Amino acid sequence: MTDLTLAVALPLLAAFVRPLFNAGALRWLGQLIGPVVLALVTVILFAHWSTFSEPFAIALGGFAPPLGIAFYVDRMALLFALAVPLVTLLLWPGDDGADGARRQSLTLLLAASLTGLALSGDLFNLYVFYELAAVASYGLVAGNGSSAGYVAAFRYLMISALGSVVGLLGIGLVYFKTGTLNLAELATLGNELADPQGLAAFAMLAIGFGVKAEMFPVNGWVPEVYGAASRRVAALLAGLASKLAVLVIVRILLLMFPSDEARQLLLVLGILGVVSGELAAYQARDMARMLGWSSIGQLGIVFIAFSLPGEAGLVAGVAAALHHLVVKSALFVLAGPWGGAIDRLRGAATVSALGAGLFVLFALSLLGLPPLPGFWSKFLVIGGLADAGTALHYLGMAAVLTGTVIEGAYLLRVITTLYAPPAGSPAPPRQRGSDLLTAGLFGIALLAAAVMIDPLWQTLDALAVSGVDTAAYQQTVLAAQEAHP
Amino acid sequence: MRNIATLLFLGGLAFLLIVITGSLDFGAPPMRIGTQIQAATAGDVGTANIVTAVVLGYRGLDTLGELSILFAAATAGGLVLGSAAARARPDGGFILRAGADLMFPLLLIAGLYIVIHGHLTPGGGFQGGVILAAAFFLPLLARPGTTPGHRWLMWIEGLSGATFIVIGLLALYRGDAFLTPLFDHGTLGELVSGGSLPLLYLAVGLKVGAELAGLLMRLAQDDEVTS
Amino acid sequence: MTTQIGLVFFIAAIGLCVIGIGGIVLSRNLFRMVLALAIAEAGANLLLVLAGYRWDAVAPILSAGQMPAPMVDPVPQAMVLTAIVIGVGVQALALTLVVRVKQRYGTLDMQLARERMNAEIDATADVTPPRSQERPRGERPLPAPAGGAHD
Amino acid sequence: MIWLALVVVALTLGAAVAVLLLDNLLAATAAASAVSLGVAVIFVLLHAPDVAMTEAVVGAGLSGLILALALRRLGLARLDVGPGGGRNDA
Amino acid sequence: MTGSLDFLLLLSVVGVPLAALLAPSVVGRWLLVLLYVVQLVELALLGSGDGARSAVSFSLLGHSVGWQLDALGWFFAMITVAAAGFSAAYAAGEWGTLNARAGLSLRWLYVGLQVNVFAMLVLLAAGDMVALFIGWELTSWAGLLLMLLAGGEAIAAARRYIVYAIAGGMMVLGGLLMTLAAAGSLQFDAVAAAIPTVGTSALWAITLLFVLGFSVKMATMPFHLWQAPAYAFSPAPASAFLGAISARMGLFAIALVAIKLIGIVQLDRLYLYFDALNLRNLLAWVAVFTAILPTFVAMKQNDARLLLGWHGVGQGGYMLLGLVMADSLGSAGGLLHVFNHATYQAILLMAVFAVIHRTGTADLNRLGGLVARMPLSFLAMLIGIIGLAGLPPMNGFVSKWMIYRALILEGQPLLFVATVISTLGTVLSVYKLLHNTFLGQLRLEHETVKEAPWSMTIPMLVLCVVVFVTGVAPGLVLEYVAAAQQALGLAPVAFILGGIDSPAGTLDMIWVTAILLAGFGIGAVLFYLMGGRSRRVHQLDNYAGGHFLTADVRYQYSDNFYAGLMHRIRPWYRGSFAWAEEALVSTFGAIATAARGFFEQANPAHWVLVGTTLITTWVMWHALV
């Protein structure tokens, strides 16, 4: 009963039944459903991660892959799939009442869809899970009841729905040319997708999946949504959901469009993302939107990293994505009470020293202070760029380096305000215990990663080797045909 | 000025799409998996309507995803509109009330028919479910006062969603993959054929019906003060 | 003659998509944007179904157990079925948001709604918007306009 | 066959353009339903009965109903189009 | 008993929590000073030349990261630990208790000092380029820790510093990874072997990135605006320590990378169009301008700490000039100047902070006449400014002489003239410092001022002895400078106890000092023994212009000291660099607001449409072409 599809099915089941547990005696049971299911899914995934030997495929519904939908489970998919329930558990919205139940079931739906995004090996199935994640996040963004939340959610819905229309056009194009949806079979038809129409399909798919991945042209929604939504929802979206969307784009890049033009497109969009994100974050004056723009900049770096050819790109990309996942989620959690104007936080370190200390730790890791993992991820990204060696890659290197300097400017502005003597008039807001606990757990994860950086790097290297190897992907998925006739 | 720029880009996009689709050979699709599915449906799934076989059998997870998207939309709608106290609206006119009473049973039967015959004739859980939603909603339109409680709608919704997944899990319990069709296929074309697919479509139909009815009711309510 | 009809359908699909996208980007009224979104999605769905069409083929329904004639590709139809219902789900959610925006901000104009949203976000974060026209913060009042207050 | 297709496509595109140009939102909603009906007919021409039925029921039927209910809730469901009324009110 | 590098690193790591525990109590602080002494002894035991290798080494991301202390690193490490020890001693006594009461957190101060020492040891003992970069980043951030303590305008100066430091760090990281791409490995020998095979354009990029990145901390010309305020406004021991040695980490790194790894032969491959304009000449001219401009800016300062801060920047130019000569005499002069500057800069800063400790102000326009009240501080500052100005008996003269000699030998007359101008600036501003603080008329409010407490004067006086002794017998230090030169692969300087004895020129400071003292001796004899009776008059008993002047009458004005000179050269002070920095920051703000404009779209989906069209066209055009 520890089949991997439970990781998608159980949260969906929990989400469906969660609103039923709202009456009277069942209320406290309702509160427990979410965390218990997520914990169970984490255990299943961790069991698979620890006993992982070589990638395998699961044919959904017992139908052999090219016909039915296949889940492809390799180290990269498992790593991201494991991160989903874990981080959702950490960022669990614990509130009660009818609306609380709805928010919790939406969070469960988001978790199920993200796990699905990580594991699925079918193009339209990825689209459906992406759409489920999108609708769940509209609900969560609009869920905190503020009028700004409604307008932000509507604008986000419009951008994402339009992106999905473009994505659907892309899928239509792919189906027109190849007649199949399974990523493995599409990988075998590489040459049919290499012509201009194929690349146009890639551009459309990239934009379709890019909205949630905060890709350059389609991330207009980020400052409004993270400014208006509640911070834990923002942490979930910025930290977790964006990474999974990036993973989907990378899977499509690796399997269907391994050409240089596609990589170059991601590199250019990444550079533009870094520049626009970091510049806009520099002039932000409230913490929530600053973190929003900063996440655009960081995801620009993730895109640049994944656009690098070969294993180096995958290792750098996964390292940058994981590091940003931990740091940005924690910063958004800290931005809960501190989300307002930055100069209102004057002297906040005296009020909650641990919160300020954690903020400094995450800021230093973002800026790449050596022992912290942020430095090693930046080391890998820029190392890959230097190895690639074309003019565009040097431009990317310059963008990432100046991006870090800009980041240093505005993060230090916040840190010095935190530690400045309190202004006295409105007392700076205090951190809540639950937020500190969550941010503290993320901090411990960061420090643990800093200590055992080398074993972590070896696992990422192994992950990259099997990730880049598309021949093995095709072989394992299409071989499943013989296994289940 | 901005509109002109947008119109230019729209023209560009249209031209682009035409160029892209121009060279696609319409009418002769490669159908790499289409032909295999058409050939294998009778044996693997045993339903007359191949589209249903694809929707519930070959790509069953898509439909589960689709179901949860609809559930997410309804829940988010509930979250946004909340359970505002509905202001009593005057009853619909006599014609509306009479028509509603007459149409309600007919709609119910039509909806159920389409749901149950999903695996034989075109139609199925989604289409039938929508008709059921209209059927549940009609009396409320006629007599706004009598608000059938959201409660049992919510229970139908939750339970039918749960049955869909439980049927999937049963297959898992038996050792097959998730969402493998259960029971034997029976003779093709008969009402009782296609194994567990009709049950799945029934669950889909009920869930879609209850969900959309709830959504319609919430939309139909007026806020305390109409701004 | 046969490829003629293909062109017609392609024109329909692309036309619907472009009109839908144009509608979303050009219209200022929130409600009209939702309508335009529905049209765009219809266009995309149409393109998907076109991907499965085969000349002189029949609907993919088995009669009496075997294929009466060459059948159209069923897979895109399954996909479109899901896409249509997704479309209506998203549309329903969008409409609930539009109702709430109208109730809270009293307007359906995207321009005004955005300004009031940004004002509210700035207010909750208690940040003065970048190019604010409000009174400068200093104590000394602005000098009275020259020539007495005649405006 | 081709003439039928041409007529239906022309009608659908006309209705789609009408959705954007009509002042009265209720009329625009009706146009939107007309569009999805047109698309449903095109699906029938393409031998996709399942999809045609879904499009008709869900597109024309349900979405039209939801849009009308929303208009009623927004207080814009007025058939008479005053001068500039309903165009895009403040 | 040879010491071990691991024990030294372990000692400095353990020092950090120890500092946190012991800092608040006076006894604890003296124990910390003892800890520095122990570290110094451990370092001395390690010995300069034998390149002690640390057993601790990690394999990180495929690169093996280890630590090894060669002669160059040992030389800098000795200065660092000694400077830290003196600064800690300076703050251990009354200064600590008084300032703790005034709100300064001594715990953070001593932890910061120890963290700085550890970071610098990690940098100086780097066994490969990854360890070098880790040490570099740790040093930049550790410097920030000390600067943030004082609060007030120190925070703004610290923020400006850290943005420069991160920019420098990122340039170095860029250079590091381009070397990795070129050389395939980051071990010193592998890089040194691979550099000749690198193309000139790649070599240009690598060298420029490294040199510019390291010179941010050295505060050479384009990056010199941050250092004076940042070092001046931090608390006394931090300012003394940072002023003395922290900026020289940049010189160490430039020496290690530019001279040892890339090497002079490869550096000379880099020239613009014709041979004269090669990189080393450009660096020499940058170094010379870095020496000239700050000294004249220092002349304008009214705050003693800022004046000394600007001098720190100027002296950095000297060291870089010496190093860039890359011959035996010039580079020895540069490296020796690091030691000399560390000593007299520490003395001067300590003296100024002693004056602040007693009078509460460092404003040169509101001080004067303290020579009678604080004689020992006066003596220390006198010796310090003699060293800073580079006058014979003190060690400053030796290293400046060697640099001048090297300039003449290398045939660079223009550079020689420019360096003399900067020395002129130094002498003028240094005299202003001494006169306005100690000479002239004593202020009423300073009448009751006593000499600085012993805990502050003893470190100053010990340093004065060091300055004098190494002035008289520079050979003591030149021995280790020669070893450092060998570690760099340069020809070691031929030194004797008194100075230099080489065919290129001899300098014997023992004779020079003997002649000087003989001159003073004759003067003293004439004055004391054979002269008429001189009557000691109380400082405030003054008679001028026909009537007695009571203390409250201001008859000696020291503010706006160089009025005449300033009047003539005022037009030159256009502050163009400060204006350039300001312009850069404001244009940056404008671009940032423009970037925000991108996100301020009225209708949300505009960019989706534009993005789709542009990206699809670009990709398709790209695939077609």
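Order as written gives the chain letters A, B, C, D and E; numbering starts at 1 within each chain.
The rule is simple: contacts are C-beta pairs under 8 Å (C-beta built on N, C-alpha and C of every residue); 3 or more make two chains touch, one makes a residue touch a chain.
Treat the numbers as computed from the prediction; the structure is a model and nothing was measured.
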Components of the interchain contact network lacking chain D: one piece
Centroid-based (C-alpha) most distant chain relative to chain D: E
Chain ID, smallest distance between chain and overall C-alpha centroids: A
Per Cα centroids, the chain farthest from chain A: E
More contacts between chains, A-C or B-E: A-C
Inter-chain centre distance, chain C versus chain D - centres from mean C-alpha coordinates, in Å: 15
Geometric centre distance via CA averages, chain E-chain A, whole Å: 45
Separation of chain B from chain C, taking each centre as the mean of its C-alpha atoms, in whole Å: 22
Touching two or more other chains - residues of chain B: 6, 10, 13, 16-17, 20-21, 24, 29, 31, 33-34, 37, 49, 51, 58-59, 62, 65-66, 69, 72-73, 76, 80, 122, 126, 212, 215, 219, 223, 227
Residue list for chain E, restricted to those that touch at least two other chains: 593, 596, 602, 604-606, 609-610, 612, 616, 620
Residue numbers of chain C (touch at least two other chains): 9, 11, 15, 17, 20-22, 24-28, 33, 45, 47, 50-53, 59, 61, 73, 75, 77, 79, 81-82, 85-86, 89-90, 92-93, 95-100, 102, 114, 130
Which chain pairs touch, all of them: A-B, A-C, A-E, B-C, B-D, B-E, C-D, C-E
Sites on chain A touched by chain B in the complex: 1, 3, 5-6, 8-9, 12-13, 15-17, 19-20, 58-63, 66-69, 98-99, 102-103, 105-106, 109, 112-113, 116, 120, 122, 124-125, 128-129, 131-132, 135-136, 138-140, 142-143, 150, 153, 169, 173, 176-182, 185, 196-197, 200, 484
Chain C contact footprint on chain B (complex, rising order): 3, 6-7, 10, 13-14, 17-18, 21-22, 24, 26-29, 31, 33-34, 37-38, 41-42, 47-51, 53-55, 58-59, 62-63, 65-66, 69-70, 72-74, 76-77, 80-81, 121-122, 126, 188-189, 208, 212, 215, 218-219, 223, 227
List of chain A residues in touch with chain C within their complex: 124, 128, 131, 135, 138-139, 142, 146-148, 150-155, 157-158, 161-162, 164-165, 168-169, 171-172, 175-176, 179, 181, 224, 227-228, 283, 285-289, 339-341, 344
Chain B to chain E touching residues, read off their complex: 2, 6, 9-10, 12-13, 16, 20
Residues on chain B engaged by chain A in the complex (per definition of touch): 16-17, 20-21, 23-24, 29-34, 36-37, 40, 44, 57-62, 64-66, 68-69, 71-73, 75-76, 78-80, 82-83, 154-155, 157-158, 161-162, 165-166, 168-169, 171-173, 176-181
